[in-house]
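Multiple structures follow.
After this come two complexes, each holding subunit A, first together with subunit B and then together with subunit C.
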Partner chain A sequence: MAEKILFIIFGVLAIGGALMTITRKNVIHGLIALVFTFINVAMIYLVTQAYFLAVAQILVYAGAILVLFTFVIMFLDLREFREMEQFYPWQKYLVAILAPIALAEFIAVVVTASWIPTQQGITPEMLAEIGGNTWGVGVSLFENMLLPFEVASLILVAAMVGAVIMARKETTPNVALRAWAPADGPQPGQLEQEV
Partner chain B sequence: MEWPDITSILPEVILAVAALLVLLVEPFLKKDKTAVIALALIGLLASAVVAVALGGNSRAAFSGTIVLNSYALFFKVLFALAAFISILMSPRYLEASKRHLGEYYALILLAVIGMDVMAAARDFIAFYVGLELMAMCSYILAGFFRYRIRSNEAALKYFVTGVFASAFTLFGISLVFGFTGTTNYEIISSNLGSTGNATGVAFATALVVAGLGFKVSMAPFHMWTPDVYQGAPTTVAAFFSVGPKAAGFSAILIIFTTVFESSSEFWSVLFMVLSVLTMFVGSVMAIVQSNMKRMLAYSSITHVGYLLAGLAALGRGLDTKAGESIILYLAAYTVMNLGAFGILTYLKTQQPEGFDYSLKSFAGLGRRSPWAAILLTLFLFSLTGIPGTAGFIGKFYLFTSVVRGDLVWLAVLGVLFSAISAYYYLRLMIYMFFREPETELTVKEPIEGTLAAAVALSAAGVLFLGLFPQWIWDHALKAFSNLFG
Partner chain C sequence: MQIPIEWYLILSSALFIIGAAGVLLRRNLFIILLSVELMMNAVNINLVGFSRFHETLIGQNFVLFTMAVAAAEAAVGLAIVTALYRNKRTLMIDLFNTMKG
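What follows is the complex of A and B.
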């Protein structure tokens, strides 16, 4: 019972944080709200006995990635973002109709569902039996889920290559940023042409 | 500790090695990229050959996350072929666009690995990782011309909407996990029916349909398609229009016949509605396009509509003929659409500045470069479904299976929309052969080099599948019968 109450509290806080993240016009405020969301999600992991995942969540997401985010955003000058208009004003009316339907459907699912893992529950005894939390994560990661784990490394390679392609400065000396050597790239007039 | 069963993923291992070698060799090359192109082509060829050689195997590997069977192998060969033709098209075009980087080839190879994993996965986690690998490469490739505004727009649109769609898929998967406590397809399919919660299963089904529907550009999740095809490099658009779609359908076929078997009545109706909507949106919007790249994008949406009709038939009693004809159609669609995009690539390479894919710029093509015009006509005939071409065989089997699924009205609608599609394909031919150009464009060279090989391969595929359908039908039959192996 206590777990359920804690789950509801942390869940509500996490959703609140997520809403804050996407509604703040100031990007830094949004980021702080995102940290808040991540920490609450980590708390939900704790409630479900996934200690290792909770610590990893705080270290990796709330820690490393968010710090990186903050740095990048502080380097950028994002003042004009605040003055941007919404493209399709009618969209919000559509959302106002569709979102409650989706919510109602979701509530119907949650109320009527029989969740097998939650019914059985993961107890500390079960964890002790498989040799502890970290051990369990390790076994499932490197034995049962070995292939997806390896494919994930290829995703990182692809993302890295992509980041290099998108961000590499392709200039010859004495040429301004975001320009290209006369013979190597499209001319400024070509920018808006069909590709 | 025992060794993992590497043989079962040998085609992917070869592709991964080739991709990494391309990345390794690329920095040492100056202007001439022949070495990396050859590496990429050899890698794809080797992976296809190995996949063919592994035929006849049927076993699960890696703790049941992946299988090696003729279904997976059929798609592995198909993806390798699609990537092979796309890469053959690319060098001249990328040079003409002044952005010829070796990373391009590595990204295509990595995307093929993702697709292979999607087709072979029998576990939601493996499937999702494959999907993300494919998607990640697609986002980067769409924005490959990063100095072009349209390319930037395409990449950003694709990325934002794609991530959103992935979230939907994940939500659906997590619901299924919550119901059954596992991510393995087979165990889920035996457990999901007995949870006795039809609403929940239907909700999860709908979420997975939405997520995968985005990848195969099914209406109403198709909005990104024309913009991304228009903005992405033409060769990349060619690859997008076949690869991720075939991969999406390979995953849809396996997921909906195993995991969501218990809700087959629900998703059959769902696909029926979506099929009509998709065919309608694709046909109507294709008629009003004056940019031929956008027209092909909408035409590809229409083709997805036909495939969805096949899925609707599959859901009614899980008729295997429908599954086989979907596989056959995917193969036919791959060669004909790649060919059509190949000709667009050729024309753009000819006129990097002047050619804007508008209907007008095709005027007089029949006189200017007759080979390009004749081949494009062949591909357009095939897309329309004229007998003797792959498109006809695909449609014939597909609509027959829809009729067998007791959905005569849907088959009639499909044929009707094919008739409408003839209008926008034939209009292009009329411009090519019977209209005089307003400004005379010059032809620099006939189709030659690797581009010629790509177009010739596609044309040969279209004619071969169209004239000798028995061969591919046998393979589709074998593939689908081995779906669960």
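What follows is the complex of A and C.
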């Protein structure tokens, strides 16, 4: 019973944080609301006895990814955009109508489908039997998914190299990139001094 | 007392719809990236819930891979944001109309 109460509390907080994220005008405020949402999702993992994932969620999402976002926001000067219209003028009413309808469809499907519990679900006793959640996840990872694990490292390396190449300052003038630069915008040489 | 699987599905669909609404609604490229992260998290909740429901830990392995892909996506997305900002001096996505799409 306590589990269910905790699930409801953290779930409502997560949804509230998500709503804050997409409605704040200031990007930093939205980011902080998203950190709040991610921490609540980590708490839901804890309630589900996915202890390793709860810690990984806080470390990777709330720690690494959103700190990366914060750094990039600090690099770029976004103050001037806050005055601009942040939402699409009439599409927002359309979304406000369509999103609850889509959610109602999802919920109707989920509730009317019959879930046959063939098993009891993972219990703390079962986790204790196999040596804890982290042990179980590790054994399952390296027994069933060794190749995907290695491929994931390849994806990360490719993404890091791509990010470094795309985000670095251009030292040699690149004609192909300049071809689509706006004619009335600031000139490339002037930009590099500023950035 | 186990949490019923429907609760996980409802929570994750709510978060997913909110993320999709954020992608469709906002004009700021940053908020769109944040909404994509939110949608990935919603899928993770689904995977964890079903992992418990089916008494297997493979679903939790999938969440690890999703996190790796999310980290890669955030790095590449932010690099693209930086390059776009350097060239266009804005992050409002309807001003990126060079390709007339």
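Here is the rule we go by: the second predicted complex is superposed on the first by the 156 of 195 C-alpha atoms of A that agree within 3 Å, B and C clash if a C-alpha of one lies under 4 Å from a C-alpha of the other, contacts with A are read in each partner's own complex, and residues count from 1 in each chain.
Here, a contact is a pair of C-beta atoms (placed from the backbone, for glycine too) under 8 Å apart; a residue touches a chain by one contact, two chains touch by 3 or more.
Bear in mind that the values here come from a model prediction, so they are computed numbers and not experimental data.
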Touching partner for A:F69 - first (subunit B), second (subunit C), both, neither: second
Partner chain in contact with A:A128 - subunit B first, subunit C second, else both or neither: neither
Which of subunit B and subunit C A:L146 touches, first, second, both or neither: first
Partner chain(s) touched by A:L154 [first = subunit B, second = subunit C, both, neither]: first
Which superposed partner A:A108 touches (first subunit B, second subunit C, both, neither): first
Subunit B versus subunit C as contact partner of A:G11, first or second or both or neither: second
First, second, both or neither for A:V137, with subunit B first and subunit C second: second
Subunit C versus subunit B, contacts on subunit A by residue: C
Where subunit A meets both subunit C and subunit B, residue numbers: 106, 115, 117-118, 120, 144-145, 148, 152, 155, 158-159, 162, 164, 166, 180, 185-186, 191, 195
Residue ranges of subunit B in contact with subunit A within the complex: 4, 9, 16, 19-20, 23, 61-63, 65-66, 97-99, 101, 103, 106-107, 110-111, 113-114, 117, 123, 125-126, 128-130, 132-133, 136-137, 139-140, 143-151, 175, 177-181, 191, 195-197, 199-200, 203, 230-234, 291, 293, 348, 353, 355-357
Subunit B-touching residues of subunit A, taken from the complex the two chains share: 105-106, 108-109, 112-118, 120, 143-148, 151-152, 154-155, 157-159, 161-162, 164-166, 178, 180, 184-186, 190-195
Subunit C partner contacts - residues on subunit A that touch it in the complex: 1, 3-4, 7, 11, 14-15, 18-19, 21-22, 27, 30-31, 34, 37-38, 41, 44-45, 47-50, 52-53, 56-57, 60-61, 64-65, 68-69, 72-73, 75-76, 78, 81, 84-88, 91-92, 95, 99, 102-103, 106-107, 110-111, 115, 117-123, 126, 133, 136-137, 140-141, 144-145, 148-149, 152, 155-156, 158-160, 162-164, 166-167, 177, 180-182, 185-186, 191, 195
Subunit A-facing residues of subunit C, complex: 1-11, 13-15, 17-22, 24-28, 30-31, 33-35, 37-38, 41, 44-45, 48-49, 51-58, 60-61, 63-65, 67-76, 78-83, 85-92, 98
